[in-house]
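You will see two complexes here that share subunit A, one where it goes with subunit B and one where it goes with subunit C.
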Partner chain A sequence: MFAYIVKRLLIGVVTIVLVSMAIFALFWYGPSSPARPICNQETSNRCTPERLENFEEQLGYNNPIWSEYGAYVKGVFVGRTIEIGNSTIDCDAPCLGVSQRSRALVWDELIERLPATVSIAAGGAALYLLLGVPIGVAAARRRGSFADKALVSSFLFISSVPYYLFALLAWLYFTLIWDVPILGSSGYTPPWESPWDWFTGLLLPWICLGIFGCTQYTRYTRGAMVEALNEDYIRTATAKGLGPRQVVYRHGLRAALVPVITIFGIDLGVLLAGTLFTEYIFDIQGIGRWGLSATYSLDLPVVSATVLFAAIIMVLSNILVDVMYSALDPRVRLA
Partner chain B sequence: MSLPPVSSETLGHLSDEAPQAPEAGKGKGPVKSQSPLQIAFGRLRRDKVAVACAVIVLFFVLIAIFAGVIANAVGVETGPGSPATELDYLGDGMPLNGPPHYGFDPNHPFGISPSTAEDNLAQWLYGCRTSLTVAALSTIVASLIGVTMGLLAGFLGGIADRIISFVTDLFLTLPYILIALIIAPILNERFALKPDIYPQAQLWSLVAILAGFGWMSVARLVRGEVLSLREREFILSAEVIGMPTRRIMLRELLPNLVAPIVVAVSLMLPAFIAAEAALAYLGIGITQGESWGQTISQATKYFKTYPLYLWEPLIGIVVLVVALNLLGDAIRDAVDPKTRR
Partner chain C sequence: MTATPSVERSGTTVSDSDPFLVVEDLSVEFPTPDGPVRAVNGVSYTLELGKTLGIVGESGSGKSVSSMAVLGLHDPKRSTVAGSIRVGGQEIVGMAEPGMRKLRGNQVAMIFQDALAALHPFYRVGAQLAEAYLVHHPKASKRDARRRAIEMLDRVGIPQPDGRVDDFPHQFSGGMRQRAMIAMGLINDPSLLIADEPTTALDVTVQAQILDLLQDLQREFNSAVVIITHDLGVIAEMADDVLVMYAGRAVEYGATKQMLTRPAMPYTWGLLSSVPDVQADTDARLIPIPGNPPSLLDPPPGCSFNPRCAHRDKVPGDLCRTTLPELLPLAAGSKHLKRCHLADPEAVYQSEVLPEIAPDLVEEA
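Moving on, here comes the complex of A and B:
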């Protein structure tokens, strides 16, 4: 088990290093000159070739790419000083660079925006698991009944609609047109400032993520449950006189949850993408919104930090899922 | 429900005996043999939902192909209209004819857009074309990459399998939307001042992103199938008689993989259509030229006074994506009876 976790962590580190290299190379070779966006920014779009040359020199774009990547990596672990234009900025240990637009340290902005994104994702995920799994179990127990069929087909329909349109319509009607009390006031307030405002501001986004996500989890849970309830050990459990509750939840659900958890881990990426849309539609200043506006203003350090952040979350969640998988299902052997 | 995993070949025989395929036993002469795909198609044809969805999809495909013809026939064209004469600048900036304030305008059946006075119907028709073009191209490229990777990994095994599996996992780590986030500013910086090639560059990079981050599911699926097919007698005998590897892959393995590939492709199309519109909506997809997502993002501002402007592209996307999804689901059920409810 321990050896397996170490191996997975090592592969994860390799993955993150490769991703960071790819991002670095993309921003190095992608633009006509990597210093062009910041030069335009600094000179208010009067970037002459000489000025561009200056910026390239100052930002180290004349050095070979590997030495600059080395400096970037060194910045992440030890910190470094960055000179832009006339200002010198001290960038401490986890240094992901300096935002070209706001001149703030990318790491600080990331930390500042993290709570909003985590609030949305955690609330949404909690809601769709809490809704999806019980509904799925209930549907599986009444398999073939009218209620089950109606549920399956209506959920299939809802989950076919793209999420962002679903959320957009919710926002347009609940906030813009009807201005429903409580639900209509979307936006992020830190919970330590006002827990009530935090809750009401995120309620509509959570409900959107929850309803949309729960359709998928109902389907997965129902499928896994139907399979599990047909197993021999369920018949054994019933035969030895256990109550239906215990048979379904203790014996059936435990086996059925394993694939659901796997999908949950894989879906974290979808959830992250979902929070990007959620933040955009409900105008919540989280990491997704931040990366998106950095894209419009060509703020390359911010964009690369956003993508790197997402990649790290994905890798960690994948490892976590595999470990949990073996903890929940003794049949799975890690090798 | 706990049937042992069966291959598509045995399924064919099973279904011949089952009452699900009545026409297989009909007729006077000897029983006509049917390939698994023919059986699946027969099942699909009797599925009312699937047929309805197929008709809807066909309707959109025809619109996409004949967008120009339809636009000409109705007498509408893309490009900015004349805002000065067609919009009410003294009032709220809404069109002087047609929706939202006045009734139907025969010159512009779908109305015109605020601020630019573009014709909505023309935008919608060409938006449909963009959507289906991007989705179809991405699907083709993604399934080509996926099938190749899956075949190589599954058949060659060993080190090739390990490398391909690692690459697959690596690509699965990053959602396509993040890559779009990276590529968009680069494209913008490179091509913003070259309006003649900018739309092309956007289209092709979008296809590259969607396909580049959409092939993994096909690769995994094909690899799994190949792993089980590889040990079967007909492959072993092909190896024994000295058939070259390339020929085994293309002539022996590939025909047996058609069913899973068809299922994967049919579920990929709606995902790509939704993704194209999503990126355009966020302003990092197709921003030059017509796209439903882009219209939605513009229409959000005017929703309070002009809801029709938003509903037109929205209904287009929702109907097309839902129809494709339901069709894909029906195809999966038809090909694999195990998932049948």
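Moving on, here comes the complex of A and C:
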């Protein structure tokens, strides 16, 4: 088990290195000069070819790509000094560079924005698991009944609405038009400043993510439960004299939960890597928004950092899922 | 009587004259989108403690469905059970779920075929056995239950039971899993054990061991055993009485010896003809029953077996096609019942069927 985790972590490191190289190369060889945004900024949009050339020289874009990549990697582990325009910035390890737009250290911005995204992701994921699984179990127990069919079709309807529209309508009505107390105030306040404001500010985003995500989890759970409840071991459990609750939960749900947990691990990773629409619609400064606006302004260090962050999260959540899978299903041996 | 969680056999009111299990006119019907399917139709049998009844038939003949009704395992929302099933004097049909639960796994236990599927893959074997014990012994501690599980695993012949008790089902071999299944069935000393094709998924040498084990345990606990199978070899080995089912109905019922030596219904002949015998003359032919069992949605009129019956032209008129024969004694006062229009099935069997399937027997005679 331990050897397996070490092996997976090493493979993960290789994956992350490859991702960082790919994103570096993508910008390096891209059609637009990576120095142009900073040149525009420094010269108040009078970036002549000569000035651009100067900036490219200063930012190191005239050096070979591998030496610049080397400098970047070195910065991550030991830190480096970066010169932009007339200023020199000390970037301590882990140095992910300096945002070309805000001139702040990318690492500091990441740390600053991380709690908002983690708050949204954790709350939303918890809600959709807590809603989706019990509803799925209830539907599976009543499979074929009117209530089951009504639930399945109404959930299919919800999940066929695009999420951004769903969240936007929620924000529009609850916040803008009706201005519902508590629910209507959205935005991020760090929980260490005011837990109550943190909670109320994130309530609507959580509910949106929760309701939208739970439709999927209801489907997964219902499907897995229907399958599990038809297994022979469920009949054995009933034939032992166990009550319906023990049969459904201890024997049925225990088996049905394995695929659901697997999907949940990956989904949580996706959410942590950036809840883009949610952050945008509810005006929360999280990782997703940060990455998107950096992409618009070709802010290479920030884009690299967000992609790298997403890669790390996905690698970790995949390892976590595999380890959990073997913990949940004794037939799965990790090697 | 009041249902108590006690497992004492004295807790059941069985008068000496009344058999432990009495099934009368049992019918089980499932509604389907294409109309109701009557999987079991008017089946009756009785079984005393210490005796074994074999139920034989092809897949879909209703043998498992009728036995599951004895444990009340049919969802009342998806099925209709009619008739009467009395276990130790207690009526099962229509019994409320809480009472039924006290009976299941306690007085009546079931062993399923394919123990790999019938045991939960995520729980240790010992935990599954202990769970069966604890549900009927709410006052017992977990340690007692574990001790009992180890004791039962030992009893069914699992080596190093105190170590294997913590294995998962997939770590057991097929024969060991079936043994564990039997141990789970017997953990509460049931008076009635229903074994649904207990040896189907096993190879022959293991089959024999499992059958021996079941017989030993039956002798030890004096339980009544219903063994469901399509293997007449198992019947010959185990059963005191045999019930042959076809398309949801009993077509022949009697003492095993009688049934195997003087079968009186063409379907039973067909089953006997389909059994390979390793000791038989190589000239002996295996004769399959032509065709397939009928659809229960639209059963044929008359005798359900008539479309596949090779002997229906020996019955005058088209009686086989129009009239369902009744389950009647072979001769007045006989306990051997058959559902067939043939006037003298014995003669047909001796002159036509036996020479085909066992020429050596005929020559000796």
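Just so it is clear, the second predicted complex is superposed on the first by the 327 of 335 C-alpha atoms of A that agree within 3 Å, B and C clash if a C-alpha of one lies under 4 Å from a C-alpha of the other, contacts with A are read in each partner's own complex, and residues count from 1 in each chain.
In this text, a contact is a pair of C-beta atoms (placed from the backbone, for glycine too) under 8 Å apart; a residue touches a chain by one contact, two chains touch by 3 or more.
Everything numeric in this text was worked out from a predicted model, so none of it was measured.
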Partners on subunit A (subunit B, subunit C) - clash or fit: fit
Touching partner for A:L328 - first (subunit B), second (subunit C), both, neither: second
Contacts of A:E231 with subunit B and subunit C, given as first, second, both or neither: both
Partner touching more residues of subunit A, whether subunit B or subunit C: B
Which of subunit B and subunit C A:H251 touches, first, second, both or neither: second
Which superposed partner A:T81 touches (first subunit B, second subunit C, both, neither): neither
First, second, both or neither for A:G243, with subunit B first and subunit C second: second
First (subunit B), second (subunit C), both or neither touched by A:L18: first
Closest approach of subunit C to subunit B (Cα atoms, Å): 8
Subunit B and subunit C footprints on subunit A, overlapping residues: 231
Residue ranges of subunit B touching subunit A (in the complex, touch as defined): 1-2, 166, 169-170, 172-175, 177-179, 181-186, 188-190, 270, 274, 277-278, 281-284, 296, 300, 303-304, 310, 314, 317-318, 321-322, 325-326, 329, 341
Subunit B-touching residues of subunit A, taken from the complex the two chains share: 11, 15, 18-19, 23, 26-27, 30-32, 36-37, 149, 152, 156-157, 160-162, 164-165, 168-169, 172, 176-177, 226-227, 230-231, 266, 269-270, 272-273, 276-277, 280, 291-292, 295-296, 298, 300, 303-304, 306-307, 310-311, 314-315, 318
Subunit A-facing residues of subunit C, complex: 71, 73, 97, 101-106, 109-110, 112, 114, 117-123, 131-132, 135-136, 168, 170, 184
Contact set on subunit A toward subunit C in their complex: 231-233, 235-244, 246, 251, 254-255, 328-331
